[in-house]
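These are the structures in question, set out in turn.
Look for subunit A in each of the two complexes below; its partner is subunit B in the first and subunit C in the second.
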Partner chain A sequence: MNVRVARIVLALGALASPTLARSQVERLAGRMDEGTRAAVVAVVDSARAAGVPAEPLVNKALEGASKGADGARIVTAVRALAADIGRALAALGPSATAPELVAGGAALRAGVRPAFLESLRGRYPRESLMVPLAVMADLVARGVPADTAGESVLALMREGVRDAELVAFRQSVERDIALGAPAGGAVAVRLAGTVPAVAGVTPHSTPRKP
Partner chain B sequence: MRPRTARLLAIAVCAAARAAPCAAQVEAGVDAAASWIKYEGFLGSGAASVSPSLAWRSVRTTLTARGTFLVFESGNTSIQGLVAGSAFSPPAGPLRVEALGEAGASSYVGFARFAHLLGRLRVHALGGPWGAWAGPLLGTVSIAGVAHGATGLEAGAWTRWSTGALELAWTHVAVADTAYDDFVARARWQPGALDLSGAVGSRAAGRGGAPSSYGELSVALRLTGPVALIASAGEYPSDPVGGSVAGRYVTAGLRLARQAARRPAVVRAFAAPAPVPAPPPSPVGAAVSVERHGDLAVLVVRADGARLVELMGDFTSWQPVALEPGSDGRWRFETGLTTGMYRFNVRVDGGPWGVPTGVAAAADEFGGSVGVVVVP
Partner chain C sequence: MTGSADDPLIARIAEALRRPRAVRPGFEARVMAAVRAAPPRLPARAWAWLREPRVLAVSPLAGAAAAAVLAGIVIAGAWSATRLARAGGGAERAAAPTAGTAAVVRFVLAAPRARTVSLAGDFDGWDRSRLPMRREAAGIWTVDVPLAPGRYDYAFVVDGGRFVADPAAPPAVGDDFGRPTSVVTVGGGAARVAGGSL
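== the complex of A and B ==
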């Protein structure tokens, strides 16, 4: 199925579930001024027509409202999230679940390349990528270079590491960073298995000779 | 390798070190240093050295290459290079097997030439902050074009902490008509921008060779970006496998490297079994954990001494919800969460909304931060 056909199918699917979408939008009632609500609904409707799930967008608007953000800021945040999820949809394909799209959008926003998401979906067409993508996004947020975060998670997946272990991996890296380890190094340390045993003890410039 | 080749290699590595960051598992660097050296059986001499290095690390494999080009006061030169690799098996409980191989060569003013090819097999037992290994080594050593077999055994144990590691190792090696045992303690400490490492050892010679004690200390101080100041001094024994004579030295210089003075930590533990300690106190005064109840997950908040704990997030339509205290002093959000990625905030006793420890924190696009919990 090419991308255009997939989008049409998604759009039809979205149009076929107006009740669900309406219930999402109705959650906005009374939580923000009417102008902001209308602007958010417009963004949600537009995104939904492109296959982007409404729920995370509505949640973003509600979060902004609860935190006292002004209307313009709420609409900007919702629009940005819709764009992120839309890019995740293009990269992960129409079979992606809503949680995958949310996590994929977070990963893309963090700096992971869309091509990486595409290749990940290509390698794992049936598995849920929600946790790997969420872990990637968080690693990047911790300062791990995006390429390193992506390759690290992919390497662990190749090893058969399960979702719960990926979450534990993220926690371990986060702890190491909190203890002062450089972000990229913390990933390498947690990833690599064992000993390059005290590999820095002998400096390269030690003037040994035959 | 000819001096011109060495210069080109140094320039290439230098360029790699300055290039835009690629995957963090790739490290490249070059040391440029001045030394005073007293080799066993030789007069003391000054020398200048250039030592490029390159390392590539992935989950299971590591490849490293490094070399040193030395110019002595006399104008004589020495050059040496080493390529090494290691590959780990998947974990089998606490055990992993590592296969290592290395090939090296060195020469001094064209008349002393050494080369070696060595393979090692190590069985590692990993316990999180500690580990141990043992295994054989086997190879061949070429001394001035004459090949000799090299055999040996080695074993060691290490422990690590947040900023350093300590390793104790024993190696027995037999090469040609020489056999010896080395007992070495190595340590590394990386506080802030400093990278301190040292080793003390003792050699017990079985046949040929001579017993000796030795030690080395080195320091790297990261100055700015990829630049670090390096200094080292010490005494090392002869190396019949690598083909170097014993010596004493003092060296100072500069290192240009990706992750200049901060290489990946000394010893590494596999990700998943690593214990995650209790989180430090949170600014919001609460810690969150996730309890599984079948397919659903329940958020549990621990807030010692709290009278009121509230939570708002994706799963409450961002409306504050007061949690019910449990008899164990913990507060539960009893609505089960299905697989997904959720954002939420917590507040204690009517204080500011914040991110509890135990979950990832992210910018919330509204000038604050939000906790992100992933339910697998």
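== the complex of A and C ==
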């Protein structure tokens, strides 16, 4: 490709990115008071400069507006989400996709240690980790201790378990918990049933923080 | 019959064969004209055109003009999408992902006593009215939403104002606003149907 044409393409890409970000931020107009909107935009701009995608932050602000939250609470929530996604970015690396970062941020907020994310990325540098990270977060949300959730997903992935099977595993654990099984025990039982070779993973007994 | 290159007869025959034959004047020109007159088939020509390397030379002025035109198209597209989103009409289609769509997710809620139920979430800007759910038999409410791979927070909105979590889906971690929120993950066959009963 001609060098000048390549430069034009790069320039267009640079033009399109802020345009997209602006259109995302403009979705806030009319959904909240001007002061809150300005504060959210400042958080979004700052986060975007650090490599955090804008879309989930804008969605968080819109969620707060739709639920009738006051401005301070909206800004706090957006800032907290930006911090979570920023930590996910640090753990997963700059090649992480936006869905991976959102799922990673949820997993970290749930209490999964960044080391689990780093371990996943180190082992699977080119595969999407969105579903494994989401399953970690969902398991913790159902009451499974964070370390147990992280170790279980890692163990399953080491055995070559695919995304759909990870989701099926999570659903089985959820059913067991709904039927009264303790969360950690449900994970251990289902883990042994899914991958007998990793039945030795010991569920942590620490209760989930409220 | 046997022979070798040393055989005088074979040598004479070989020499005769190697000798160029005289052709009528203009023969070569006529052959080439006939070849040029027969056009190659269209697919062959198209393939040859596609394979042939080309160098695009653009002057700085023309390059800047082309960049300005393309940038204008990008900005106009974003402006148009924003207008659609603000107006509400057709915004559902504008917000719905088209590229990389992984699945059409059916959201289901059993709420026999509800008068209206809608779906609000990350996929529709948390707009309470953009995705109304359809009432099926026995008070089952459903809506199908095309979703690209990702993780989405959402909630059902019952009777216009009451946020209800999906009983069949994982709860969102750390509810920021004191209202119930659920999570759906789309990817790797992660979700096709989400829903529960109220």
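Convention: the second predicted complex is superposed on the first by the 177 of 210 C-alpha atoms of A that agree within 3 Å, B and C clash if a C-alpha of one lies under 4 Å from a C-alpha of the other, contacts with A are read in each partner's own complex, and residues count from 1 in each chain.
In this section, contacts are C-beta pairs under 8 Å (C-beta built on N, C-alpha and C of every residue); 3 or more make two chains touch, one makes a residue touch a chain.
Model, not experiment: these values are computed from the prediction.
*Asks:* Clash or fit: what happens to subunit B and subunit C when subunit A is overlaid?
*Replies:* clash
*Asks:* Should A:141 be classified as contacting the first partner (subunit B), the second (subunit C), both, or neither?
*Replies:* both
*Asks:* In the overlay, answer first, second, both or neither for which of subunit B and subunit C A:187 touches.
*Replies:* first
*Asks:* Answer with first, second, both or neither: which of subunit B and subunit C does A:22 touch in the superposed model?
*Replies:* second
*Asks:* Touch check for A:156: first (subunit B), second (subunit C), both, or neither?
*Replies:* The first partner, subunit B, only.
*Asks:* According to the stated criteria, A:72 is in contact with first (subunit B), second (subunit C), both, or neither; which is it?
*Replies:* Neither partner.
*Asks:* In the overlay, answer first, second, both or neither for which of subunit B and subunit C A:169 touches.
*Replies:* first
*Asks:* Of the two partner chains, subunit B (first) and subunit C (second), which one does A:30 touch, if any: first, second, both, or neither?
*Replies:* In the superposed model, A:30 contacts subunit C only, not subunit B.
*Asks:* What is the contact status of A:42 with respect to subunit B (first) and subunit C (second): first, second, both, or neither?
*Replies:* neither
*Asks:* In the superposed arrangement, does subunit B or subunit C reach more residues of subunit A?
*Replies:* Partner with more touched residues of subunit A: B.
*Asks:* Once the two structures are fitted together, what part of subunit A is touched by subunit B and by subunit C alike?
*Replies:* On subunit A, the residues that contact subunit B in one structure and subunit C in the other are 27, 56, 59-60, 62-67, 69, 73, 76-77, 80, 98-99, 102-103, 106, 128, 130-131, 134-135, 138, 141, 162-164, 166-167, 170, 174.
*Asks:* Taking the complex as given, what residues does subunit A use to touch subunit C?
*Replies:* Spelled out, the residues of subunit A in touch with subunit C are 1-2, 4-5, 7-8, 11-12, 15-16, 19-20, 22-23, 26-27, 29-31, 56, 59-60, 62-67, 69, 73, 76-77, 80-81, 98-99, 102-103, 106, 109-110, 128, 130-131, 134-135, 137-138, 140-142, 162-164, 166-167, 170, 174.
*Asks:* So in the complex, which bits of subunit C are touching subunit A?
*Replies:* Listed in rising order, the residues of subunit C that touch subunit A are 55-58, 60, 63, 66-67, 70-71, 74-75, 78-79, 81-82, 85-86, 120, 122, 125-128, 149-151, 153, 163, 170-174, 176-179, 181, 183, 185, 187-191.
*Asks:* Spell out the residues on subunit B that touch subunit A in their complex, using ranges where they run on.
*Replies:* Result: residues 21-25, 29, 31-33, 35, 37, 39, 47, 49, 51-53, 57-60, 62, 66, 68, 70, 78, 80, 86, 88, 90-91, 96, 98, 106-108, 112-114, 124, 126, 131, 133, 156, 158, 162-163, 165, 167, 169, 186-188, 192, 195, 197-199, 216, 218, 220, 230, 232, 236, 239, 242-245, 247, 249, 251, 253, 255, 259, 262-272, 274, 276-277, 280, 312, 314, 317-320, 339-341, 343, 353, 360, 362, 364-368, 370, 372, 374, 376 of subunit B touch subunit A.
*Asks:* Inside the complex, what are the residues of subunit A that reach subunit B?
*Replies:* 27, 56, 59-60, 62-69, 73, 76-77, 80, 98-99, 102-103, 106, 128, 130-131, 134-135, 138, 141, 144-145, 147-148, 151-152, 155-156, 158-176, 178-182, 184-185, 187-210
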